[in-house]
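In what follows, chain A forms one complex with chain B and a second complex with chain C.
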Partner chain A sequence: MGTATISTTDVVPGTDGEGRRRRTAVTAARLLGLLLVCALLALVTVVSVAVGAKAIPPGEVLRALLHGRASVDDSVVLDLRLPRTLLGIAVGAALGLAGVLMQALTRNPLADPGLLGVNMGASAAVVVAIALWHSTDPSFCVWFAFAGAGLASALVHLLGSRGRSGPPPVRLALAGTAVSAVLSALISVVTLLRPDVFDQFRFWGVGSLGGQPMSVVTEVLPFLGAGALLALGLSGPLNTLALGDDTARALGTGVRRTRLLGLLAVTLLCGAATAAVGPIAFVGLAVPHLARTLTGPDHRWLMPYAMVCGAALLVGSDILGRVLARPGEIQAGIVTAFAGAPVFIALVRRRRIAEL
Partner chain B sequence: MPSAIHTRPRDTRSPLSALPGARPSRRGLLAGGLGAAALLGLTACGADDSGGPSTAGGSGAAGWSFTDDRGRTVRLSRRPKRIAFLTDTVGAALWAAGLHPVAATDSGQGIVPAVKPDWSGVAKIYSADKGVRIEALAQARPDLLIDAVQPDGTLQVASQLPAVTKIAPVVGLSTYRSIEQIAGTADRLTGSLGVRLADTGAKTRYEEAGSRLRKAVAADKELRVGFVFGIDKNTIGVMNPKTWAVLKTVSALGMRLLPVPGGADNTYSQAVSWENVPSLPVDLLVWAVSDPLPDNPLWKRTPAVRAGQLWKPDLSSWYAYSWENFTVLLDGLATHVQSAHAGVGPRTTS
Partner chain C sequence: MNPVPSPARPATAHAARAVRRRTRVLRPAVAAAALALALTACDSGSSAAGGAGGTTAATRVVGTAHGKVTVPAHPLRIVSVHSWSTESLFDLGLTPVGVEDSGANYVPPRYLKGWKAAAKVSTGADLDYERIAALKPDLIVGVDVPYLSKAYRRLSAIAPTAFASFRESDSWTAYPDATASFVNRTAQLARLKKKYADRIAAVRAAEGAKLSGSRWDVIQGGFDSGNYWIYGPSSPVGDILARLGARFASATAAVDKGATKSVSYERADLLKDADHLVYYTNNDGSPANDIQKLFALRAFKELPAARNHRVVGTADFLPGSYNDAIGVVDAIEKALKDHTG
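Entry: the complex of A and B
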């Protein structure tokens, strides 16, 4: 992995002493900002466990958390709300981080994790699993989704790669779009010809945090963790990559290696996230932009911010879906698009989107 | 075995929801030409809605006439012999009654196979990507089409594909009434076309099962029953007693069903979060789709499920409206109602 960690924002003109003081101030501000978004996430987490389609008094929620499943309300808190909150944090963080990686790797501000065909690969694999084995068991589908995400990602890389710098951003994006289109057609064909498959796939087709047992959280967590560690380790090389391939190479960054490891991290993060909750759009696209407005383009800060903001956005959307449609619910995948799109549009209109 | 998809009527993924609609196209023009040719075979035909609904179709020296579930009377100069079924539900109901078509649909949802039809020589007129294939329908040269009537009184296929009405006159069979009315219309139509009913004892057995259920319900009038199904991972659906044929049937037999708010405006079901499922005021739950029973932890915490007052009927299809198919349902319901106890579920939704 490259060792250069030049930042595009931390180069402050002036004397060494002044520069150091300014850098310290900027770092302190970013650290404070990170603490604030973490506090926001903590608040959203508490609300997510305390509030839902059913009104449960806070004392009862606390009792359930401390003493276990004595009543139906305890079961609502421990079996429904807790797993979906943890899943929301893990998946939201993964999608936010994967979005940053995708935009950095393709140098395209409109890139999102779906661009590499990862989401479609996972969806197509689940359709095939349902068609062949008639199972929608989350613990079973998770592995198919993950395999599908990996295969689609590998195929996109194979189609898009040429040259010693690894896959060029544009070719990678085009290959991803093409593979996604083919996989989308495959899903349509199978669900159209097999109504029984459609009936079961509809449970999975829209991303949703609910209805997943805690075992799904523990199954995908190692993959999300590995992907996150890999991605965070690439923050320095991605900073130099933003200056262009030649400059990055001159600064000692392994361009090809960075791209390959970046793709691997995206596959791990998105594959596991999609496998766990189904396809969730928008988080991977909007959260990096939101985080970038707070941190600037330095990936060393951008990545943790995107993780925390992604988690807060997804968990927050899930809460909205639970309280807006009582006594029913709206899937988080729908709410993220409905609630997030206007915010994103406002963001785009008010601020200049950071160039990549 | 397929599962039911319960949505609002306009969203219903009916076997024909993929129809291209009323697009003027080469296909439409071709159908128009073929339809005109088909009409030459009929010395006179037409439909009017001047008369009210009648209970009998007829055939004789004056030709053939039939008043359908929309109250429209189709009059033809002679009794039609070449019949086409335009939807799966219509096909299943009429095949079960004994009527054999020259053309029919099977969208693969398991509705038609539930009545075990022998379709050798019958033209298959449904394709997954196009819905009803109008060329195939015209080639079968039907002289009467049978379509499903939707809750708003429109025809399911003919309203989206008006060109079919140029091929032959259309009779509407409503599948949003009680089973007695659906199977009764199927019998009446079959009889009026001069076809012997498939199984005359089936209706008697159905009525006996209905009678058993009526007695069981009368013995415990407080018992509250809910028909439910899985919508997605977060919610289950409570079926609206005012929409579904099955629920209209058991309601007429006295069963106390879980109501759905605003149920009069054709809402198919009410979505209920899993968080609220244990609070549903029901004593007996009927899992009304062929999907497996849910594995959500809150399902096991639901009072009716904990008390074992749960039934997943082993129906071939929930949409095959035949006496025989629903005799199985009424019989099973009678048994489960007899063994269930009222007051197991909560009094009201908390």
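Entry: the complex of A and C
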């Protein structure tokens, strides 16, 4: 992989001294912005643990966190709210990051993690698991979903790859669409002809953070972590890739290798995220655009911003779902679609979608 | 090594590449289709059970959700497109030639053999009209739920179609009563009603004090992940409990007629004043609709009903027939006997 880390936004005209001062100011502003979105995420996290369908005094919540399960309320905090909050942070960050990667790899501002068939691969694998083993246990399904995501991703890559630059963006997107369509048909056929499978699959079909045990968090975290590290390591090459394959190559970036590693990162991130909570819409599409309005197209900043914004959006959506439908809950996957769509439309109307 | 050219293969390299490319693209689709077929085959094994052929000339007129319908006086080839009608038909001593498929796990054990033998003509809202027509039914019965109501016109073009009116607030007894009327089996219905009433009276006589001295909530796993559902006093199990003289705990008592309440797992505490909980199981006794996730929580395990092992499962949670309702009574009676004192 090349080591060039040129940024399209860091090229500031003017004298050397002036340029350096401008760059320092921009960096400081971005750092401050990142701290602010981190503070927002921290606030959302606190609210997520403190607020839910059941009213529990803040002192009781704190006591549960500090001293463990002494009462039923403590177990509500530790067994229900804490896992869903941690899962929301991890999955939201993963989907935001995967969205950035997808849009960069395909050079398509409308790309989201679903475009590569990763989500559909995970869903199809869960359907197969339910059909053969009749289990929707998250700890069981997570491995199938992950394997399905990996296989779908590999298949898309095989179908879309040609030439020494790795899979070109358009062919990759087309292959992803085709594989998604086939997998979607597979899901439809199985769930239509096997009502028992449909019956079980519907619990997983709408993305939800609720009712997931802490074991799911620990199972997917290594994959999410590996995917995030891999993705963050590609921020420099992705910046050069945005200038076009030839320019990227001239600047020393391994184009094919970057795309392959990018695909691997997307598979790890989306496969594990979808496996853990089911399909979540809009985070992977809208969050990169939201983050881009704050950072510009520099992936070195865009990626961390997208991770934090994605986590805040998903956890915030989950809180909304818990508060709006008391004493019941609306699944986070539904809320993100409802809340994400207007945000995305507003972004599109306010300003031109940023060039990738 | 290059493939040996053959007359059956494309003559040019370009064409050969095109075919190879097409094959590569099609391969996943073919594999997916094969996998789908393999998976769907896993649970098949049902075969159409033909009733006695021919129809009778005599007819009668019955009141249905779609007005007056002329039906055979003694229908012989009945297709049922709703589980409640199916269960009622079996209860009335009739064997439908075609039935709906809502999942074998939901079919009460007493009807499972007959249900498996019948041809499957629908999956939820997807009706196989060709298959229904091929069965040459002389009567189609069902319940006028929204998705079937839309199908009424097409079904009635195949055979006389009698749907029971559907309202969320209706008692479960409305559906077996209507089905018996459609198939002219009111005498058999009367016998079933008496059997049910006698069973209720017997359990009331034996366990009346326990029933009136304990509070009951009725729940099942929610289809909306992270929630469970609380059923009200007018629900099928609620209605049966009321006939038995049981009292309702606050959660079930608070549910409006014809409604169910979707509640977060966080609110397991809503069930804290219940001495007994009744929940839905599959026909193998396993918890239905993921309610085991609620059972696994400490907030549930700490409930008095759970601590005292008074959580009662029944596969007849949504009865479509009087024998289903008797199944609920049996489950309640067993739970009371198991926990004397």
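Simple rule for what comes next: the second predicted complex is superposed on the first by the 356 of 356 C-alpha atoms of A that agree within 3 Å, B and C clash if a C-alpha of one lies under 4 Å from a C-alpha of the other, contacts with A are read in each partner's own complex, and residues count from 1 in each chain.
Just so it is clear, a residue touches a chain if its C-beta (ideal position, glycine included) is under 8 Å from a C-beta of that chain, and two chains touch if they have at least 3 such contacts.
None of these values were measured; they are calculated from a predicted model.
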Practice task
Could you classify chain B and chain C on chain A, in the superposed arrangement, as clash or fit?
Solution key: clash
Practice task
Scan A:L80 for contacts with chain B and chain C and give back first, second, both or neither.
Solution key: both
Exercise for the section: State whether A:A178 touches chain B only (first), chain C only (second), both chains, or neither. Expected result: second
Practice task
Once the structures are superposed on A, label A:R259 by its partner contacts, choosing first (chain B), second (chain C), both or neither.
Solution key: neither
Problem - Partner chain(s) touched by A:G52 [first = chain B, second = chain C, both, neither] - result: both
Exercise for the section: Using the superposition on chain A described above, determine whether A:L159 touches chain B (first), chain C (second), both, or neither. Expected result: second
Handout entry: Of chain B and chain C, the chain that contacts the larger number of chain A residues
Key = C
Exercise for the section: Pick one for A:H299: touches chain B only (first), chain C only (second), both, or neither. Expected result: neither
Completion exercise
After superposition on chain A, the chain A residues reached by both chain B and chain C are 52-54, 72, 75-76, 79-81, 192-196, 198-199, 202-204, 206, 208, 210-211, 213, 322, 325-329, 331
Practice task
Within their complex, state which residues of chain A touch chain C.
Solution key: 52-54, 69, 72, 75-76, 79-81, 124, 128, 131-132, 136, 155, 159, 178-179, 182-183, 185-186, 189-190, 192-199, 202-204, 206, 208-211, 213, 278, 322, 325-331
Problem - Interfacial residue positions of chain C with respect to chain A in the complex - result: 24-25, 28-29, 32-33, 35-37, 39-40, 42-43, 101-106, 123-124, 126, 222-227, 261-267, 269-270, 289-290, 293, 296-299, 302
Fill in the blank from the handout: chain A contacts chain B in the complex at 52-54, 72, 75-76, 79-81, 137, 192-196, 198-200, 202-204, 206, 208, 210-213, 321-322, 325-329, 331
Problem - Residues of chain B that touch chain A when the two form their complex - result: 1-3, 5, 13, 18, 107-110, 128-129, 230-235, 270-276, 278-279, 291, 295-298, 301, 349-350
